[in-house]
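Multiple structures are listed underneath, in structure tokens.
Below are two complexes that have subunit A in common, paired first with subunit B and then with subunit C.
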Partner chain A sequence: MALLDIRNLSVRVGPGRDALTVVDRISLTVNEGRILALVGASGSGKSLLMQAVMMLRRDNISYSADRFKLDGEDLLKIPSRKRRRIIGQNISFIMQDPRQSLDPTMKIRDQIYEVMPRIPWYHVLSRLKNFFRRTRSKTAAALLHRSGIRDHERILGSYPAQLSDVECQKIMLAIALASKPRILLLDEPVVNLETASRLQVLKLLDRCAKNDRTAVVVICNDLASVYNFADEFAFMYAGQIVERGSRDRILNNPRHPYTASLIRTMLELGRNGRLKRYLPVLSGKHPDYRSMPVGCRFGARCRRARRECNREPEMIISKNEQYRCHFPLEDGALYEDE
Partner chain B sequence: MILILLRKSAMLLLSAVILLLLTFWFHVRSNDLGDQDLFLRFLIYLNRILRLDFGFSAQSSRPVSGEFLEYGAATAELCLAAMIPSLAAGFFLGCFAALHKDRWLDSAITNSSIMFSSIPVFWIAQIFIALLAVRVDWIPSNGRISLLYSTEQITGFILVDTLLRDGFGDSFLNALTHFILPVLSLSILPTTEMIRIVRNSLYSVMQQNYIKAAFSRGWSSWYIIYRHGLRNAMPSILAQCGSVLFLTFTSVIIVENVYNWPGVGTWIIEAIRSGDVNVVNAYLVLVGMLFVVLNISLEFAADLSIIYLNHPGRGRSTPS
Partner chain C sequence: MNSGDPLIRLSGVCYREHSPWFSRLFRAEYILKDISFSLEDGESMAVVGDEDSGKSELIALIAGLLEPTRGRILYSGQTAAANPRNRARNFRMIFQDQETSLNRKLRIRDILQIPLLINTGMDRRERLERIADTLNLVDLPESIAGRYPSELSHGQMKRVSFARALILNPRVILADKSISSFDPNLRAHICNMLLRLQKERRISSIITTSDLDLVRNISDRLLVLDRGEIVEFGDTRKILSAPQSPTATRLLMNYYNEYRCDADHVLERGRKAVKHHEF
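Then we have the complex of A and B:
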């Protein structure tokens, strides 16, 4: 059974009647020990989707879903305060820009202590206080060590402003993993990092998924940075999931033209690093939510678009592939010249 | 920290000198000094002020500084009684409003605070008298205590005095009922101001990502406000608290006059009416100095909070 099972989740932005449906009836299943990469252009609603999964309250945003099950438990039937706690205990969310996610006025030590299980009051009162203090700092060091930080003494005693981006990202990982979450959501975890630290972070995530059986969901707008790391891909375009499948299937035989165009931009870099030929840049721009095109949302930018594309395509779900297109690419069509 | 203290004291000294020069100008204008050396006169004036010798009141022929202490205690008691609850209430309501920004709770708090802050103090005070003291006659509206009880002073604070003399007896309760209307009318403005300050400072902090990250861990809202929200908003809240003090001190003059409270407000209005220059001068110097000292100590407190809450504003935590 899927760890997280969401059916027809919609996110509406804006007040009352003028609200725009930005995330449109997305269904999502997340499985234990698997890494799911959610790829899409900026503005396609990936971050909003993640915030909806966390059910974070925000001004002017409303969520609706038909089903929201976490490990078999239906969260839609639970009062919101309790729901927030359950989600917080089971799902960890790392937002974009890790430095902003750390309180600038607190030492890293205190921020890590904050997420660790509390020392009960009778321990604090008793003579064992110092003992528990010591184990607490040892646990904090172990947490940091697990997320790949070696000089934890320096890190624990410093403020976020004194640390580099990759250190902040690793600290956020340590904080996220401290509560032993079942699911880890990351919003563009590697976007600001240089290649070496990018690989370090991805390796950590991989270890989380493989060793601890954590389900990892990574948002990125750049397929190249995660293509050999994720087990599954979901491609988002204009608030909808347009294609979803396992890595091998997607990379070899994409069905949706948008997926194909993203993959092609990677393939055109030849073996010796030279461009094989003119890079097929996707022309046009992402549609505006205020004036969404009728029918297929990708239609205006799609070379294969026909008349039937004025009708909105349904999600076609077969055994190992899901896509939303009237004229999907055939097997091997990725390499054909268009 | 010593550097900050020095800087603040320099500011204090500068403002004090400017204040004294202004009041000296008033002193020169109101007393005919002939053609004496102005600098020499200023030194003499300064000497008298440092000894807290403001001459005698023309109305009561008593030393002005003694009178000021007596009336000042009444005013201070009223101000404290109004400010402590209004600061606390404004603080919590502001936190509520920031937490529920743009929802009905926030708009209820904000709109009603705008409404209350636009009611003139003298008007609402008279309405209170008309409704609660005249129409239904529940609460007295005149003075600090009924004339039936003795008013011998111990500390000058009437609640403390009656408590010391009789315990929780009739006189204490009588003094307490005399407090209700002035405190009610005086506490409206500071409360609304405090709500505005806390809501705006806290809201800008609550927009930050670390607050959202804390919310995503499923913690309770009040814990997040206490641990991360107020910690980051405190310096700006403290620095703006001066305006709350300012509002209270200006409206206390009106409130005292409406309720015939024997405090500094009625004293100074009476002195102005009868042209008692010594009293007016003492008032200008003492209240002006009080303001300067309070404002600067609040700024100092804001700086201290920056240091003790390890704000990024301090030099140490900037990236090296």
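Then we have the complex of A and C:
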């Protein structure tokens, strides 16, 4: 059974009647021990979807869903206070900008202690207090070490403003792992990192998934940086998931034209050959949420679009593939089309 | 300004953060040490290196955001002090953090207008035309001009900062990490745009990125930095096919062998079969 099971989640942004539906009826299942990469253009609603999964309250943003089950428990039917506790205990979320998520007035040490399980009061009263203090700092150092930081003492004693972006990102990872989450959501964790640190972070995520059976959802707008590590891919376009499937299937036989275009761009860039050649790009623009096209949202940029595409395609779900297209690409069509 | 002068020439540039005299005495750490190179007109360059190798500082020095501690930078054969307008007009920077680099209180139209107002004597209609052209160039709808930065998505904000750099028709675009954080389609678009600008208008670019595939495609020259020192500088293709220094070798190894090895056998068929795309 899926660890997280969401049906028809919609996110509306804006006040009252003028609200725009940005994330439109998305169904998402997240499995234990798997890495799911959520790939899509900027502005396709990936970050909003993650915030909706965390049920973060924000001004002007409202969520609705038909089903929201975490480990078999329906979160829509329980009081919000309890719901927030369950989500907080089970899901960790790293936002896009690590520097903004860290408290600038607290030392890193205290920020990590804050999320670690509390020391029971009887231990604090007893002489064991110092013992637990020590284990706590050891655990904090171990967490930092795990996420690829070598000089713990300096990091633990400093404020976020004294550290670089990369260190902040790794600290956020350590903080997210401190509460031993069952689901880890990351919003573009590697985008600002250099290749060596990227590898470190991705390998850490891999270990989390394989050893601790954590379900990892990585948002990434770049296919190339995650494709060695993800087990599954979900592609988002204009607030909808357009294709989902296992890594090998997607990379070899994409069904949706948008997926195919991303893979083609990646391959073309990675190809050894003549310098200074133009890359294939999609023509047109990502649709505006204020004036969403009727029917298939990718239709305006799709070369295969026909009259039937004026009708909105349903999600076609078969055994190992899910896609939302009237005219899916056949096997091997990736390299012949266009 | 003679036509024979290189586009940009750095000679013996050192940089360290400004600090109080006592720390300068006891902990004189240079972020950049003795950087010298020159770039000819129409050539584009990429800077690669590890974190804290001083890539960002190098870009900021060229853009004039930082002052070199020692050494000097010549823009088309002149120092910035001799001809400050030249640097401001022709060496345009794209900032890494698009949220803080765009003024939240101004509409996009006004953000793009400011460089035109300062540097050119265009009237209102010409300015608006130029803004519309530039927005088209970076694949943004013209309706965006009336909006505020907070109403845009991250990617759109990035494109707006790109448009701001392009709006004066500069000779060089300086981009610090901004290109690699675009989504793939937009990155390909920007990459094509840079190539087109290079070929048609001879606008060169100096970029820092960790994406060596991108570097190979758009840059003529490659500069490899290691802890503030140049370890390798030369033709991109030469360095990427036969790196001489351990730093460059390590970067390449990391990128190609570890970072991409698994998928290669899956994609081998694809790599061979992808046809060339003409535009």
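Criterion: the second predicted complex is superposed on the first by the 328 of 338 C-alpha atoms of A that agree within 3 Å, B and C clash if a C-alpha of one lies under 4 Å from a C-alpha of the other, contacts with A are read in each partner's own complex, and residues count from 1 in each chain.
In this text, a contact is a pair of C-beta atoms (placed from the backbone, for glycine too) under 8 Å apart; a residue touches a chain by one contact, two chains touch by 3 or more.
As the structure is a prediction and not an experimental result, all values here were calculated from the model.
Under the clash rule set out above, the superposition-derived model of subunit A with subunit B and subunit C shows the two partners fitting side by side. Legend: residue contacts after superposition of the two complexes on their common chain; A:Ala300 is shown touching neither subunit B nor subunit C. Residue contacts after overlaying the shared chain place A:Ile78 against neither subunit B nor subunit C. The partner that reaches more residues of subunit A, of the two candidates subunit B and subunit C, is C. By the touch criterion stated above, A:Met116 is placed in contact with neither subunit B nor subunit C.
Within the superposed three-chain model, A:Ile61 lies out of touch with both subunit B and subunit C [touch as defined at top].
In the superposition on chain A, contact of A:Met292 is made with neither subunit B nor subunit C. Looking at the shared chain after the overlay, A:Ala141 reaches neither subunit B nor subunit C. In the superposition on chain A, A:Ala19 makes contact with neither subunit B nor subunit C.
By the document's definition of touching, of the two partners only subunit B reaches A:Pro104; subunit C does not. Taking Cα centres throughout, subunit A sits at the apex of an angle toward subunit B and subunit C that amounts to 80 degrees, reported as a multiple of 10. Between subunit B and subunit C, the shortest distance over C-alpha atoms in the superposed arrangement works out to 8 Å. Within subunit A, the residues touching subunit B in one complex and subunit C in the other are 97. Considering their complex, residues 50-52, 99, 139-141, 143, 153-156, 158, 177, 180-189, 191-192, 195-196, 198-199, 210-211, 213-214, 216-218, 236-237, 251, 254-255, 258-263, 266-267, 269-271, 273-279 of subunit C touch subunit A. On subunit B, the positions that touch subunit A within their shared complex are 101-102, 208-210, 212-213, 215-219, 227-228, 231-232, 309-312, 317-320. Residue ranges on subunit A touching subunit C, taken from their complex, read 40-43, 96-97, 164, 166, 188, 191-199, 221-224, 227-228, 248, 251-252, 261-271, 275-282, 285, 288, 334-335, 338. Contact residues of subunit A toward subunit B in the complex are 54, 56-57, 59-60, 84-89, 92-95, 97, 100-107, 114-115, 159, 161-162, 172, 179.
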